[in-house]
Amino acid sequence: MPRKNIPTMDTFLTDGRSMLLAYDQGFEHGPSLDFNNKNVDPAYIMEIAAKGGFNGIVFQKGLAEKYYDGRVPLIIKVNGKSSLVKGEPDSKQNCSVEYAVSLGAKGIGYTIYLGSQFEGNMFQEFGKIQQEAHEHGIPAIAWIYPRGQAVANDTSREIVSYAARVGLELGADAVKIKYTGDPESFSWAVKSAGHARVFMSGGPKTKTDEDFVSQVRGVIQAGATGLAVGRNVWQNENPLQIADALKKVIFKEKAIEPSIGV
Amino acid sequence: MPRKNIPTMDTFLTDGRSMLLAYDQGFEHGPSLDFNNKNVDPAYIMEIAAKGGFNGIVFQKGLAEKYYDGRVPLIIKVNGKSSLVKGEPDSKQNCSVEYAVSLGAKGIGYTIYLGSQFEGNMFQEFGKIQQEAHEHGIPAIAWIYPRGQAVANDTSREIVSYAARVGLELGADAVKIKYTGDPESFSWAVKSAGHARVFMSGGPKTKTDEDFVSQVRGVIQAGATGLAVGRNVWQNENPLQIADALKKVIFKEKAIEPSIGV
Amino acid sequence: MPRKNIPTMDTFLTDGRSMLLAYDQGFEHGPSLDFNNKNVDPAYIMEIAAKGGFNGIVFQKGLAEKYYDGRVPLIIKVNGKSSLVKGEPDSKQNCSVEYAVSLGAKGIGYTIYLGSQFEGNMFQEFGKIQQEAHEHGIPAIAWIYPRGQAVANDTSREIVSYAARVGLELGADAVKIKYTGDPESFSWAVKSAGHARVFMSGGPKTKTDEDFVSQVRGVIQAGATGLAVGRNVWQNENPLQIADALKKVIFKEKAIEPSIGV
Amino acid sequence: MPRKNIPTMDTFLTDGRSMLLAYDQGFEHGPSLDFNNKNVDPAYIMEIAAKGGFNGIVFQKGLAEKYYDGRVPLIIKVNGKSSLVKGEPDSKQNCSVEYAVSLGAKGIGYTIYLGSQFEGNMFQEFGKIQQEAHEHGIPAIAWIYPRGQAVANDTSREIVSYAARVGLELGADAVKIKYTGDPESFSWAVKSAGHARVFMSGGPKTKTDEDFVSQVRGVIQAGATGLAVGRNVWQNENPLQIADALKKVIFKEKAIEPSIGV
Amino acid sequence: MPRKNIPTMDTFLTDGRSMLLAYDQGFEHGPSLDFNNKNVDPAYIMEIAAKGGFNGIVFQKGLAEKYYDGRVPLIIKVNGKSSLVKGEPDSKQNCSVEYAVSLGAKGIGYTIYLGSQFEGNMFQEFGKIQQEAHEHGIPAIAWIYPRGQAVANDTSREIVSYAARVGLELGADAVKIKYTGDPESFSWAVKSAGHARVFMSGGPKTKTDEDFVSQVRGVIQAGATGLAVGRNVWQNENPLQIADALKKVIFKEKAIEPSIGV
């Protein structure tokens, strides 16, 4: 008899769609390239999340401890690496699920570098984290980034859908993946993810807001749940304005669901 | 005094024979090469397993959580790797036995790459998994694939029987191995496996259904228990039809048992 | 709801500022280059800490066990390496948090070599230590030194602020980092550290006392909490005199706080 | 005060001598080179052990679970490796002591490749196994094979006695080592093993039975406890006949004990 | 408040001085080069320790189990390596502190190869062992040998004092280090060791007894606690005679204590 009561992403959804605010740039890339006097401050990000109507905020443990104030549901990213070390990427757990929960986390985030020589370490670590998250009744969310010598193009239909699928197979309740560039190819990734919800990874700031909104539109049309966005919001001069524009797309746009038959 | 009540494969047998439906292609090879709009969906596979009269279905943890509905006995494969990374293969545990059991698993699957530089890691990990499975009263099933620089030909009589034997020695209750190509040589693998039951690993889709059925006939004649099949069923346009053809062979064909004397 | 009662650095502060006496030179560099007949003796250092009005003393476990007398709050550094081995630096935990607490520690220190090939090991180990420290109600202090092939200049604005930020992200309650050389650039590191308190790492003995006091003035002007000093105090012929000079700067100098707006 | 009640090899002795039947060939070398239709079957080996009056039988966990019937005392070998992988040998634990005991084991076997780059892993693992075996009141038996680039000749007096001694130092209750080729040099190995009992490792099938019996005679004359034999018995057309010949030597031959004085 | 009741070396001292009998030669170097018919026997060593009035005997776990008779206090060396493997040295724990205590150990010995690429592993392992020893109320003794590519001269004043200091910092209650060759330079090592007691490591057999006694005299003059001697005693034709000569020096010679002032 199959198990009941598998945790869902419901905490982070509005009518089945979602917009998350991600902020691990300071760990992953350092505070100099992407930050300015305002957005270097996690309190500013917390403010945007609350006022911008985001469905969740993503912090590393340290920011969660010192800045999280409970106004939007919290996801704690429990691994990370600096951008300094080159070579095959690995990213190790720095926060236990139990501790994340004690800080108020309603979801656990973890990055897997699919295709890295060390992918096995991350599969294994995520496996434990996923179980612990589910035992605490909260979802596990996999950031899945194909990377390393074995990966030629990390936004191809093939590799992005592989990323999505590995997340599903490993028990992720949601996957955060890069956009392939068009709704049709991305819809294959969404289909490959099955019951795991798909979030587009925001990526670097686009030239114009319209560019970004347009990407998000494609993502939603492809059947994805939504967006985990960072720089394109908190580097924006009007973060609440771009958030509003994104919400219009995420929560109003219709998906063009692909047909599946047995 | 020897221990009693060692778990058996009985849950997965019909009159001592068995046909299992395997579906870890999405993890091991990605959803693009082998999947189409229908078979990318785990619900479709679950449907085939139930309607096709399979003795068991093999899922990774994520699929078990989100798609397994209890209609056929469940085996959870608790390790896996992507096809992206090259070099000596390793495959690490991503699901605990305890968690697999909580999801309804009646058997635990694990891949060992015999001959890989990392075989020792897998022997050790399987050793723990086997004990835990038996402590939960369910069988441990070893996928044993000779692979790596040390393996010249992974379907020779010598190497396939070595794979079978390592499974027996490590306490596997069943081994999933490749077919050697003819019943005579495969019967040595079956004999080497002793009381561990032998399942042929289905492999890539054959040109014709007859080719595949013929292979399975050889396997059964060699004394094996049956087949763990994936692509040759769920890539088939008529999965239930090929399943019927396989069942006729698996459950009706007679083994030509080799004689053993003391 | 966010967690309450996160430990703070209050034990080690006077009006929000702090001067710590560090003494792990014997482990990290050996007793010959930097020590003389007097300062080779940990009892001498304990004496300076007490008489010099330091806010805390930093010992490795062995010194804490055999020399610590309770007159100033204790920080135990729980990892370390010798200066003999070259190549990418790693530094492993040699004292449990639980044991450090049993020896009277009111804070736990740990070195992270940011940018080292092994940074992930240290992120992970610090992650556990931070949790354990907080569970014992005491702060975790990260010595963060960018080092290894990937690090060209370990005192640049970019790298020092990255160090500060990684400490914040990992949950350090204070970071000990190198001075960038001027208050303006260092203020960016202080800002990047957010609610994690910033201590300047003392470094090698300067030519004159004035040189060192001047550095510390810049640090305080940049908004840092204070200084963790070793050689510049205990190699000084008049350790109490230089301590007095430092206290004047640390506890009287005003910070030129940068403005942050949402 | 020294500890009492250290486990002994008594379970496996007849008047202080012993003949063990070893059967891990299928794991270590595969079923093809050394096995035939009869001896590939563990039940055949179990039969020989019982009818041949052996003092013990050595199985891997899988064989113990599925074939052991309690007629002779059981030793479970808890590590192993295939013969496929080349380079410095390592052999990892695949069965816990606790589980081995639950299967009826009265002794625990473990292989150490002395001189391998990985010897430290095996020393450490054996250290834990030895403690656990003793806590269960049963002896730990070390197969000690000098191997790897550092070992020029694995049957020299020096290296065989080193193997014997390492077993004693690590707490082995018995060591299984190769024969040096003559009783005089082997007696130094026996002396080096001290209170750890010495078993000759049977090795590959000799040309004639007389050759093998003659080796065993030398071993016993050198003061060893006996023999752990595999291929020379179960590859023999008349296993019970060669067993009888061996028993005559093992249990009747006198040792020429070397004199030791303080 | 600092912790009370840190274990001391008192069990192994007579009026603050000590002479220990060390015997791990069989593990570290094999029984052939240094052993003869008499001293290969651990019972002979036990006898010398008792009759020679030694303050302690150092055995590996296996010898402790099978030969220790309680007449002199026992130190169990809980790690070791063979002399066969070349390259950067590592030495792993093969006996738990808990088990050593159950065998009667009143002190725990552990070797650290300072300067080895693997020194961090040993720092970490010793850190756990030291805590466990102290929790059992017994001292931890570090054999600290600078070794590996990074070490040019392992008896220089600088490196020997570094070894002594690392022991102190890691919480060793006593360090066993090599003699520098003269009392003056060795007194710096003794001073660097602080409250950790210093034992000279006996080393290979000297040409004459006088040579060895003269070394020990220098060690004691330098302020050390004593000597851990092996080969120079048990390879001696008259072990009790040389023991007597050593005792005269160790327990009667005056140290020329260096002055320390604050």
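For reference, chains read A, B, C, D and E in written order, and residue numbers begin at 1 within each chain.
Rule of thumb we're sticking to: contacts are C-beta pairs under 8 Å (C-beta built on N, C-alpha and C of every residue); 3 or more make two chains touch, one makes a residue touch a chain.
Computed from a predicted model, the values in this text were never measured in an experiment.
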item	value
Both-way neighbours, i.e. chains that touch subunit E and touch subunit B	D
Distance in touch steps, counted as few as possible, from subunit C out to subunit D	2
Topological distance between subunit A and subunit D, in contact steps	2
Magnitude of the superposing rotation for subunit B and subunit C (Cα, nearest 5°)	145
Shared interface numbering between subunit D and subunit B [over half = same, under half = different]	different
Cα-centroid distance, subunit A relative to subunit B, in whole angstrom	34
Set of subunit E residues in contact with two or more other chains	none
Chain contact topology (line, ring, star, complete or other)	ring
Chains in cyclic order, anchored at subunit D, direction fixed by subunit E	D, E, C, A, B
Complex contacts: residues of subunit E adjacent to subunit C	1-3, 6, 114-117, 119-121, 123-124, 126-128, 130-131, 134, 146, 148, 150-151, 157-159, 161-162, 164-172, 188, 191-192, 194-196, 258-262
Of subunit D, residues touching subunit B in the complex	24, 26-27, 30-32, 35, 37-38, 40-44, 47, 60-70, 74, 80-82, 84-87, 90-96, 99, 102-104
